[in-house]
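The same chain A turns up in both complexes below, where it pairs with chain B and then with chain C.
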Partner chain A sequence: MVTLSDISRRSGQWITPQIAVFALVLLSLPFWIGPIGLYQYIGVEIAIWIIFALGFNLLFGYTGLHSFGHGAYLGVGAYAFGLFQLHVGVSLFGGLLAAILAAGVAGAVVASFVSHRRGIYFALMTIAFGQLFWFGAVKMHWITGGEDGLLNIPRPDLNLGVTSFDLSGNTALYYLIATLVIVITILTWRAVNSPFGRILQAIRQNEVRASFIGYEVWWFKWVVFTLSAMFAGLAGGLFSMAQESAYPDVMSLHQSGLIVMMVLVGGGLVNFWGPILGVVLYFIARDVLGAITETWLLWYGLMFVAMVMFKPEGLAGFLAELKRPSEPETWTKPAEEQ
Partner chain B sequence: MTLLLPHIFNGLTLGLLFALIALGFTLIVGVMEVINLAHGSLFGLGAYFALTIIGAGWLSDTTFGVWWLSLPIAPRYILALILGPIFAGLAGMVLELALRRTYGKVPLYGLLLTFGAALVIEELIRLGWGTGEQFLQLPQSINGAVLIGGLIFSKYKLFAAGFSMLAIAAVWVFLEKTPYGAIIKAGAHDSEMVRALGFDLARLRLLVFGLGAGLAGLAGVIMVPIWGLRPHVGVDVVIPAFLIIALGGVGSFWGSVTAAILVGLSVGITGAYAPAWSMMSMYILLILVVGFRTRGLFGKKSALEN
Partner chain C sequence: MALFEARNIHKRFGSSVVLEDISLSFEEGQVNGIMGPNGAGKTTCFHCLTGHYKPSRGSIVFDGTDITGKPPQRIARMGVSRSFQMMNLFDDACVIENIILALPEFRRRYAQVTSSVFNDKVLLTQAYEVLDQVGLLGQEWQPSLSLSYGNRRALEIGVALAANPRIVFLDEPTSGLGVEATRQLVKLIQKLRDRYTIVMIEHDMRFLFELADQISVIHWGQVIAQGTPDELQSNKWVQRSALGAVA
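After this line comes the complex of A and B, so read on.
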């Protein structure tokens, strides 16, 4: 079986051939998404969720911390962006910065509670905090607008000093988000292949051993949790910009579960590109299956169950096995799978 | 204090109901170390089966259906109370067969599989029973209000709380006082040794999972007149159940009963002062307790911590 810890030869590079291809696909998407029968807005959604999923997999796949309440930080980011536009001033960078910071602070507070926890208790605490944020968003209607949420959030222009771009069209918005996705892909790729990334993987494989080597395990867990909450905050800010609204559903348990499903189905447990595959697969399944049947979630759920039963390494694991089928069977159970 | 008394009583009743909800979940977690996220959906499934049994479902147009509906509500309710959980238990057994592939792997896989199963069951419920809110008919004898010591109580809530105490006692007797309980617990502790002694562990696990799912269904039939029934009822149920386990500590039977009563009390008393925030108090309770005690109130070491 392949694992995330199979460090490739080119790991020290900032830009690998895969990243270049990925960037090319992303940037050329507006030209071919119409002809293949999809529409521009799905590109926006996919790009936003890729940011969310990449950050989430730092925690889920690389560090082995199973957060089931990550939708909360997406929601915090969405609200922060909306509140900034509505009450502080219409500004793209201000709003996104507010989203990242707010989600980062929320994540840091939660991380201080959960970074000493493991396994099931970690998962439970993240659910409890996720619900807490969701409850807060529903009940504090004087800030968040309650069940309806914040409506009519303006889409600010991209102001680069010399020139400014109007982002009210979905294609323009897509290019902004795609650029951010590329930057974030490069940063996460570099991060997971850095000494920091190795430590995260050591924590996943065996927390006790990692602490015996001398690493402050809880500190690394705290940092990676906060970091992935910031990613989620950025995604949330972009989401409220795309939707022009922010509402409690964004941070519901449902969203938190969805991101887990996407990352796992794609193969986030075994491959850097897994989360991206998972996000793409989910949105295409939603649109293609959703066009055929109203109960598409039933089929997606069944597919997910089958995936966990027969191929928990996900799509990426499946593809990797196709590539090198000659791997000896005796290596299928590494020590980390206790 | 006298003003608070009814809220404390209410909280205790609620706590017993929470304990009933968490019972099947506790059983499966404690004995098999599997987090069954489909617990809430099985709860809903049991209640929907009961609904169909009471209303005769697809048979309501046949002569049998007409005869069945002409009976008074009490026998129909009792049959639903028995058969609903049994059907939920059977559904749980099917789930266990699928779960077998995840045994001995990372505990996360079991959790994810049941999460997917919850989604599937919820969609199936939507398909079978529609998306609207449904109500379960009750016999007259347990419906309405009763006056105790100058205070008005819902008869049904008292019935449900009493029923929940019975169920807790029955599960405790089963686990602690029968040979089955001993084998099941031994199986959780050292599965290899139990197999070596000649017990069929696969069948035992199937039984335990069926039992846990059946208890979920039972809780569904009992709770639905209070909470209402909708396809996504599962989420409303599995979260408190999950929370109670964490609060009480994984693997501790009385831990989860105590935790359920604590949760009920905190929800009940918060409800007296700030009704809108009453459900939130349980999350704060969990964070306070698990923030300071790693394994909840009475938790033991468990494979789920890895």
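After this line comes the complex of A and C, so read on.
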């Protein structure tokens, strides 16, 4: 059985071969995405959702906390970025920071209500709070523009002091986001193998025992919830930059469900790479199936149902089994590694 | 003064009273046994003493500090450790990770988000020491689920010891163990008695009489008898259940 908590042989490294390959694929994408029949902007979307998914899986897969309302923080990030550009000043870093902080604060507030809960109560409360944010976005039209949302959000340049890059083209924007994805992937990889990350996984496996060996379980739940909301906020900020607009749909229940589906289908419950696979699979399904039939979401949904029924470990679990005959990717003694 | 003292513990669930009035005290360095029939309230008593349940009445004092009603993680960090009657491990984790998670040295690093765990010499050294104590060397990188039943019991105790506690509560450590594994456990507890104060609930009379300095018998939510193994030999309830165990 593969589990998320298997110790990788490279659990001490910053850059594993997988991360290197992933970075290469990401950075070379603009060169081959056209020739294989897709287009630049899908790369932007995939990269944004990967950030969202990696943060979400810290909570969902690693800590075992099933939030069904995380679209809210994507939305808060999107609005915060937009409001910053429109009312404070056109600034990339300012906007992204605002997105991360606003979503973090929203997440922290919700987390203080849910971090003492578990199971179905936890899940229901995350939905309820998610709906609250959505409702707020629709109703507070003097801030959010109501149903129409915020329009004409400028795309700021990337200003590095000595030089600055124009991000109005999708390829330039893609490179910015891909760079962020690589940095975030490395940090997430370190985090899940760090003491903090292993404690999160211990909480997933056995919350009672975790408290009996001295851990303030609620505190870890609170922190990881807030953290995942911050990831979502960053993704949301980038999304409103990409779309040049922010609207209530971004934080709808639909988005909250989508991220859960992506992570599950990809195999986020058993593998670090699961969320990334899930995001890629979803967008390819949307564009490839979507070109064939308008009911593509139905087919994707059926695939989700089939996956949950027959292969709950998801795509990553499936791939892990394919290479099973060779050596399982668990760790051996430190002595043998040197 | 005793290292750990429970005074007049009363515990009810709704209208059903499980612990009537329990007073126990455990002296530093002793092995304390707790026996009694099934459903007497022994596990519930442990749950109260270690913070899992809040007693409805009564007080609990550990090393001079009142710990009544404190949450389990606080009590654990003060040096009170326990194992569980039902196996209670981190099942996706390998053997050594179960131990590492419980090390105070590891707990101190709880906020580290980029450092690595399984290459850390300090943590590994301490974990190997605990594994050696409970006889699990050589199986450290196995998934804990793949261990034999007896070894899982040993790991259960290992996790409790890894916390470097002053007092260890063991809930029926021999339950489900064969003759050979029980003999191993006797040896282990003989080794541990110099380092820790031990309190154990136990069904196996012979095991308990061999190891314990003090024994308390709990029945109907009350302590019905208390004393050294010798003193208890003459207790009616003990005799009756000892006969039952032999037959």
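By definition in this document, the second predicted complex is superposed on the first by the 324 of 338 C-alpha atoms of A that agree within 3 Å, B and C clash if a C-alpha of one lies under 4 Å from a C-alpha of the other, contacts with A are read in each partner's own complex, and residues count from 1 in each chain.
Convention: a contact is a pair of C-beta atoms (placed from the backbone, for glycine too) under 8 Å apart; a residue touches a chain by one contact, two chains touch by 3 or more.
The shown structure was predicted, so the numbers you read here are calculated from the model rather than taken from an experiment.
J.: Does the superposition put A:Leu86 against chain B (first), chain C (second), both, or neither?
T.: After superposition on chain A, A:Leu86 lies in contact with neither partner.
J.: Have a look at where A:Ile127 lands relative to chain B and chain C in the superposition and call it first, second, both or neither.
T.: A:Ile127 sits against chain B, while chain C stays out of touch.
J.: Looking at A:Arg190, would you say it contacts chain B, chain C, both, or neither? Reply first, second, both or neither.
T.: The answer is second: A:Arg190 touches chain C but not chain B.
J.: Answer with first, second, both or neither: which of chain B and chain C does A:Met309 touch in the superposed model?
T.: first
J.: Quick check for you: in the superposed arrangement, does A:Leu297 touch first (chain B), second (chain C), both or neither?
T.: In the superposed model, A:Leu297 contacts chain B only, not chain C.
J.: In the superposed arrangement, does A:Gln205 touch chain B (first), chain C (second), both or neither?
T.: second
J.: Which residues, counting only chain A, touch chain C once they are in their complex?
T.: Answer in residue numbers: 3-7, 11-12, 187, 190-191, 193-199, 201-202, 204-206, 208-217, 220, 330-334.
J.: State the interface residues of chain C toward chain A in the complex, per the touch definition above.
T.: Where chain C meets chain A, its residues are 50, 52, 71-73, 76-77, 81-82, 84, 88-94, 97, 100-102, 104, 106-107, 109-119, 124, 140-141, 159, 162-163.
J.: Could you pull out which chain B residues touch chain A in their complex?
T.: Contact set of chain B toward chain A: 35, 98, 101-102, 105-109, 111-113, 115-117, 119-120, 123-124, 126-127, 235, 239, 242-243, 245-246, 250, 276-277, 279-280, 283-284, 286-287, 290-291, 294-296, 302, 304-306.
J.: Touching residues of chain A toward chain B in the complex: what are they?
T.: Residue list for chain A touching chain B: 66, 113, 116-121, 123-125, 127-129, 131-132, 135-136, 139, 253-254, 257, 260-261, 264, 295, 297-298, 300-302, 304-305, 308-310, 312, 337-338.
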